[in-house]
Amino acid sequence: MATKPQPRSGKPGRPLWSGRFREPVDERVKRFSASVGFDRRLAQHDILASLAHARMLAATGIITRRDLRAIERGMQQIRREIQGGRFPWSIDAEDVHLNIERRLTGLVGEAGKRLHTARSRNDQVATDLRLWLRDEIDAVDGLLVKLLRALVSQAERHAALAMPGFTHLQVAQPVTFGHHLLAYVAMLERDRERFSEIRKRVNRLPLGAAALAGTSFPIQRERVARELGFDGLAENSLDAVSDRDFAIEFCAAAALAMVHLSRLGEEIVLWSSPRFGFVRLPDAFCTGSSIMPQKKNPDVAELVRGKSARVTGSLVSLLMLMKGQPLAYNKDNQEDKEPLFDAVDTLKDCLAVCAGMVAGLAPVARAMRAALDEGHATATDLADYLVRKGVAFRDAHEAVARAVREAERKGTDLARLPLATLRRFSAKIGADVKRALTTQGSLEARNHAGGTAPAQVRKAAAAARKRLS
Amino acid sequence: MATKPQPRSGKPGRPLWSGRFREPVDERVKRFSASVGFDRRLAQHDILASLAHARMLAATGIITRRDLRAIERGMQQIRREIQGGRFPWSIDAEDVHLNIERRLTGLVGEAGKRLHTARSRNDQVATDLRLWLRDEIDAVDGLLVKLLRALVSQAERHAALAMPGFTHLQVAQPVTFGHHLLAYVAMLERDRERFSEIRKRVNRLPLGAAALAGTSFPIQRERVARELGFDGLAENSLDAVSDRDFAIEFCAAAALAMVHLSRLGEEIVLWSSPRFGFVRLPDAFCTGSSIMPQKKNPDVAELVRGKSARVTGSLVSLLMLMKGQPLAYNKDNQEDKEPLFDAVDTLKDCLAVCAGMVAGLAPVARAMRAALDEGHATATDLADYLVRKGVAFRDAHEAVARAVREAERKGTDLARLPLATLRRFSAKIGADVKRALTTQGSLEARNHAGGTAPAQVRKAAAAARKRLS
Amino acid sequence: MATKPQPRSGKPGRPLWSGRFREPVDERVKRFSASVGFDRRLAQHDILASLAHARMLAATGIITRRDLRAIERGMQQIRREIQGGRFPWSIDAEDVHLNIERRLTGLVGEAGKRLHTARSRNDQVATDLRLWLRDEIDAVDGLLVKLLRALVSQAERHAALAMPGFTHLQVAQPVTFGHHLLAYVAMLERDRERFSEIRKRVNRLPLGAAALAGTSFPIQRERVARELGFDGLAENSLDAVSDRDFAIEFCAAAALAMVHLSRLGEEIVLWSSPRFGFVRLPDAFCTGSSIMPQKKNPDVAELVRGKSARVTGSLVSLLMLMKGQPLAYNKDNQEDKEPLFDAVDTLKDCLAVCAGMVAGLAPVARAMRAALDEGHATATDLADYLVRKGVAFRDAHEAVARAVREAERKGTDLARLPLATLRRFSAKIGADVKRALTTQGSLEARNHAGGTAPAQVRKAAAAARKRLS
Amino acid sequence: MATKPQPRSGKPGRPLWSGRFREPVDERVKRFSASVGFDRRLAQHDILASLAHARMLAATGIITRRDLRAIERGMQQIRREIQGGRFPWSIDAEDVHLNIERRLTGLVGEAGKRLHTARSRNDQVATDLRLWLRDEIDAVDGLLVKLLRALVSQAERHAALAMPGFTHLQVAQPVTFGHHLLAYVAMLERDRERFSEIRKRVNRLPLGAAALAGTSFPIQRERVARELGFDGLAENSLDAVSDRDFAIEFCAAAALAMVHLSRLGEEIVLWSSPRFGFVRLPDAFCTGSSIMPQKKNPDVAELVRGKSARVTGSLVSLLMLMKGQPLAYNKDNQEDKEPLFDAVDTLKDCLAVCAGMVAGLAPVARAMRAALDEGHATATDLADYLVRKGVAFRDAHEAVARAVREAERKGTDLARLPLATLRRFSAKIGADVKRALTTQGSLEARNHAGGTAPAQVRKAAAAARKRLS
């Protein structure tokens, strides 16, 4: 009986690999282990990679030119069916790869059955995922640039606008609003740098590793790599099919970028609280309350802050997923996709809304000024003044601290103490002290690379703008 | 102009809370902040809670009986529309609550506008989520029971089947297959206990907290709690709307339960590897390879192992989400749902497939026996034998260790060394030693509570079965 | 040569288990795998457990009464040596267990060599750790009570002190400071409940599981359990030595408790910022700046907020550690201690400093009042007023929203709009509206279980105090 | 009274910043917030940075040459005191910075008080930590090279040694042991690449940012950067003091590297299990059991696997720590050090022991061969053979699957089926099939970049060796 081939695995509802199985897969198990529900997102990249594979197979004589043309024709149609929402996705075919392969064989017959020569789903899925992620990294970079531009524009506009700089959420020293926003420029520029480095490692071709050991066919991996725009090979075949570093490092960089956005979100929530009132948010970026008619809530900033948590969660999932797995491919790896997809989507959405929100921020100079007037923000400047008069820094610090105590006692700001009072804490204090105690004087004095002096802020913003073009 | 009420917020496409806003919400922001894509899953529980709220409002005279009847009628229809897939979900109405409220007003007019009296979405969503989670905990418990039954059945069947117990994946001592499976029974019983404790804290009613401070209407919270089957109130109103402990502790318990299943998964992968060959998995729980025709892969066990990672990821997301949030409700909290939903779904799916997989496990006694014969598994029994002959345990351990070295040198198992050879390591060894060195003797000797003696295994399985009924 | 026992493993510098090894352990490996650097913390509990084990061995005749007396004598001395800092800890003896056992044998000879009969380090370490953790849970509970008392005292004192309640960090509705603090009481009471439930599962005796399968000696596990105050057995021997659920669930509860403290920390940072100025912190709980003489930083609150992160980190470590481990004991488990120790220490330290900090909080009524006056905090009360006059809630919400817009335009608070102006938004508004618009009126109206009315706050505080006594 | 300077802050037991405080810091709070217990590890780098700072201050005339010489002299002595373990560390001085500054002032007087001019602890600690981490990255790289060399040596030695390659822990196809080890070479080479990229971002100078805004002194940041070997500035002052990206990205890369080591650990545990028996571990890298005399446990491999969890835990701590922090410096940041220190130590220790363990691995060819003989490892080769005879791959896969079923039925390996039997599944099978079915034939056929053919393995090993030199 076994002498006559019975291609049961080709039958509808039977997996392509089912030749050695006696029982069908349990229905519940089929649903549990199918990935087509989420990996169909890779369909266009799967087709791209299959076409490059087929062309290489034809170029090396592993399949015929005629087979190649049939495959190209079939894939053309499949691509259209998918784009048009008419593709017959089926959970019976488990994943995006087998769905497309089965449809191809349905459309073009024998040639379709030859496509899977010299490859395996193990190297195929790794190839698809890398191709897809490479494109997404480029999209992320575009969104980072957009947000950076919004920040730099605001920084240029408000290069000299004084606001209190905080440490420990206590008023520390005056800074400019532009200087403050440029801190986020620094963070996001590091993010861009990281993503561009990761892109190099994402952009390596695993195809040709086959199941885990390479293949007995005379393949040309470099040719496929070239056609698909890869920078090189994920060479070692065992590593190529088991490696998910690229997904993990993307998620790590995304988690860090989201932490940056979470800090921006926190600050916008603070600044738009009536207790601060430092910025006004456009109505278009706020929502109201179903019960409290007066509310105008900075929902977008809060959501961005909150969403940082889910990307760290995805990162943890991936690290824990890969921990302790023996080589080479294990089914666990199928769990790599959803966290990665979610991290990409979350990061892109947040970057996009932040760009709009930052562009719409309207700082309220009056509120910033009022806050500066209550925090002894120029106390350090007074200490520096004394140092320039010859007092050792530690002694100067001590003298000013006592002056601050006196100002607190009187319920006023250090800058508003009369000269006579100030001189009680150090005889070195002269009439020229007043310049040091003004916000303007304080800002302008910090005139070195990275300092908050408006001239430096303009210079830094110009340099950032140049890097963005 | 402002003198004439213009209910703009009732207009299609305008949020119900938009009275104080001049500009419409940015389209991108609308998509970004809408939750109806995922929280519609709470629809039936939202309706349940709204009906209980409305009945209380009517009972206390806050709304009329007629209003109540209208609301009940409208909700009846909405429930059917949702079940039938005909409900007009709209992203403009943001979330499940406003979607339903808007539809209700469309169906029954004024009465619908009165439903939101004395509540807020803040207490409403917390109520819905708790109601939903309570039901899911009950479902999880049912699935735990099913898996426990499968384990106990196998344990009963194989209470005396000898296999090597491992520590450090080295053969340690003989145990029975039934005893081994009962270790998982112990783990999962702790899981049940934990979920039942968490259920008590989930099952508290936040409704009545309104936005954050309670309401000025004479509500009766206990009445609503009773009607909805809650065990009590989430009393303090600020806590009630900001608390997400119940979601976090559910995810913590789920992550731990998944770690248990991951260990079972790991063992099934090991056992079904040809290197072990300890069990055969039913075809229905395996899949094949697209390239290697001989493969029969324990995919289900691997996926379960892998999926443990995503539940820990969800737990991390929730803890990080809540960290450092000031009271009371912040929009960040909207991010609580997806991780919780995913944790519930993952745990339920994994429990269900594990129950089937465990029921289908067929142990291979021959392979277990072969493994026992190569690991000096009864070395500890020999040491214990010497102790009973008066040797101090440390000296006995030392003597046996040297005997093992001799067996290794000869390429045989300790149990097969001739008596004469054994006596070279201790003169206390007599002919009665042979009993101690057999697998059977070793197993039966461990005859105390929790020991691996078949009699104890049967007793433990019987006790577990009793707890399950 | 092998005929003469040579107890090499007893020699200094040779492990007690080294009988079958030819080469000594690599020095680097010895340092790498030794745990005595951190597990010596368990020494007193190790001795306690060993004594109970020895008494059971004597009671069942496994060792003699004389051996027992020698062991008791030796342990007495060891305990003193450890307390006095004179114990000769050695990395050669790997861990706390072998250090103590070796010293015991040095002190009392043969009897010491008999102590390890019928047990293994696998069940021994699990027993020690559970005993230790049980005590620490009791200590945590004591500190929770202390912090709860501080919160309840403050809540009683400030049951009627009005402050703005926030949602989205926007002024929402008036609440009382006491009511706000009681939200933390609710959180911490749930923490207590959780720890008490976990304690039950911690407090089970693994001893008797021996290496993994139980022992061939006629032990009495219940007797040991009773003597050590355990509630029952960790029965199944494979589970008993491999289970670390108790450590994981403690860390999960600790991470959640720390998230609660992080929220309190965040609020104290906000409240003590000059932008809020809602509370004054005692000098003793703040620090200054090395450069800015005016700074008074809420370091303790910030550190508590930050330290929440390390406990979540520990929880993740433990879950990831156990994931995918086959049964029974693997060396990986040694990594359970440091995260658990750190979680216990961090939680205890934070609870202790929070108790002091909360007790020292001095609210600033004036600043709270000023904040209330700028946020239209009673807008919801106006809507509720209209509902009581017969307007449907949605229409009332809409009318008030427009009134708020008018107040914003005029730069005033809703409550200060003249009656005539208010009536432009609804003809139902009468002179009696003023009461609804006052802070006092708003607070007192929320007079139901869990509401912010001072009477309810006093009631809730009294109930909490009762639960604490 | 306030007119006379009273440098209380210089007094022993009083913080240097205490000028404005009335009450001393609570003792418990002092212990809670002091970091000197762990940050003293940065002492040598703190001195290095202080000296570079002092030289710049002197070069720009901010302090005198004489002050500089005094500072240099004092630091020289402090360095010796620290190295000699004689430095009087004190918790009263909080952290490493103030401990050293206070001692300096004690040793050299006024000059010591001038050192802190134009800087703050905020930029100082960031500088110290970056300097320290830069050195540690170099040490990590050295250890990675050592481990890589061990792997490459083994790969060269065993380039042709056949073993079963696994997917899903089922025998998949033959690979060589050398090829398998080169997969780890690929992973660790990516790790090196990542650390070298991170080093660039670590190696930027924050000093000059002062507290958060820069300083009013005419500092020269580039000069300090040059002297300390930094690649450039952490320019924006707000970013410079608040940024901890460098610690997070180091921990992310370390967590990923540890996941690689955890996989190696898992494989060594599997391979050294008697069920596999693929490798022998040197005694020096194993330990025994306190109860089971026969045990030889791969503790080092297990611990490495387990320790991967703690590094992921540290990464989570750092991400969660920074989430949602407003700018600029907050005390939370003090919590950055312990996770980072632990990640560095863990990674270095694990790399070091792995290098030794890998160098000592002795593969057991016989066991590998036996495993190959039971897994139908050349089934794919038979399918490929059929494809070369003109059968479409899907049909070939199907035919071979049925042949495997037949072999299973007969209890033999596919490769041992008689030709006649094989031909029952496809008439295309000829006598030349035997070559395709041998392990040797299968290995040699995979002769393309990254394939497992011994020639390719040798080539890949040679290339790796070249990259290491």
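In this document, chain identifiers A, B, C and D correspond to the written order of the chains, with residue numbering beginning at 1 in each.
Just so we're on the same page, a contact is a pair of C-beta atoms (placed from the backbone, for glycine too) under 8 Å apart; a residue touches a chain by one contact, two chains touch by 3 or more.
Since this is a predicted model, take the numbers as computed values, not measurements.
Chemist: So which of A-D, C-D or A-C matches B-D, with over half of the contact pairs the same residue numbers?
Modeler: That interface is repeated by A-C.
Chemist: A-B versus B-C: which interface comes out with more C-beta contact pairs?
Modeler: Result: the pair with more contacts is B-C.
Chemist: Taking the mean of the CA coordinates per chain, how far is chain A from chain B in Å?
Modeler: Between these chains, centre-to-centre, one finds 31 Å.
Chemist: On a C-alpha centroid basis, what's the spacing between chain B and chain C, in Å?
Modeler: The mean C-alpha positions of chain B and chain C differ by 23 Å.
Chemist: At least two other chains touched by the same residue of chain A: list those residues.
Modeler: Only 16-20, 116, 122, 166-169, 172-173, 210-211, 269-270, 288-299, 302, 305, 308-309, 312, 315-316, 319-320, 323-324, 330-331, 380, 397-398, 400-401, 404 qualify.
Chemist: State the interface residues of chain C toward chain D in the complex, per the touch definition above.
Modeler: Chain C reaches chain D through residues 15-26, 28-29, 32-33, 94, 97-98, 116, 119-122, 210-211, 269, 282-300, 302-303, 305-310, 312-321, 330-335, 338-339, 349, 352-353, 356.
Chemist: Could you pull out which chain B residues touch chain D in their complex?
Modeler: 166-173, 269-270, 272-276, 288-299, 302, 316, 319-320, 323-324, 371, 374-377, 379-380, 382-383, 397-398, 400-401, 403-404, 414
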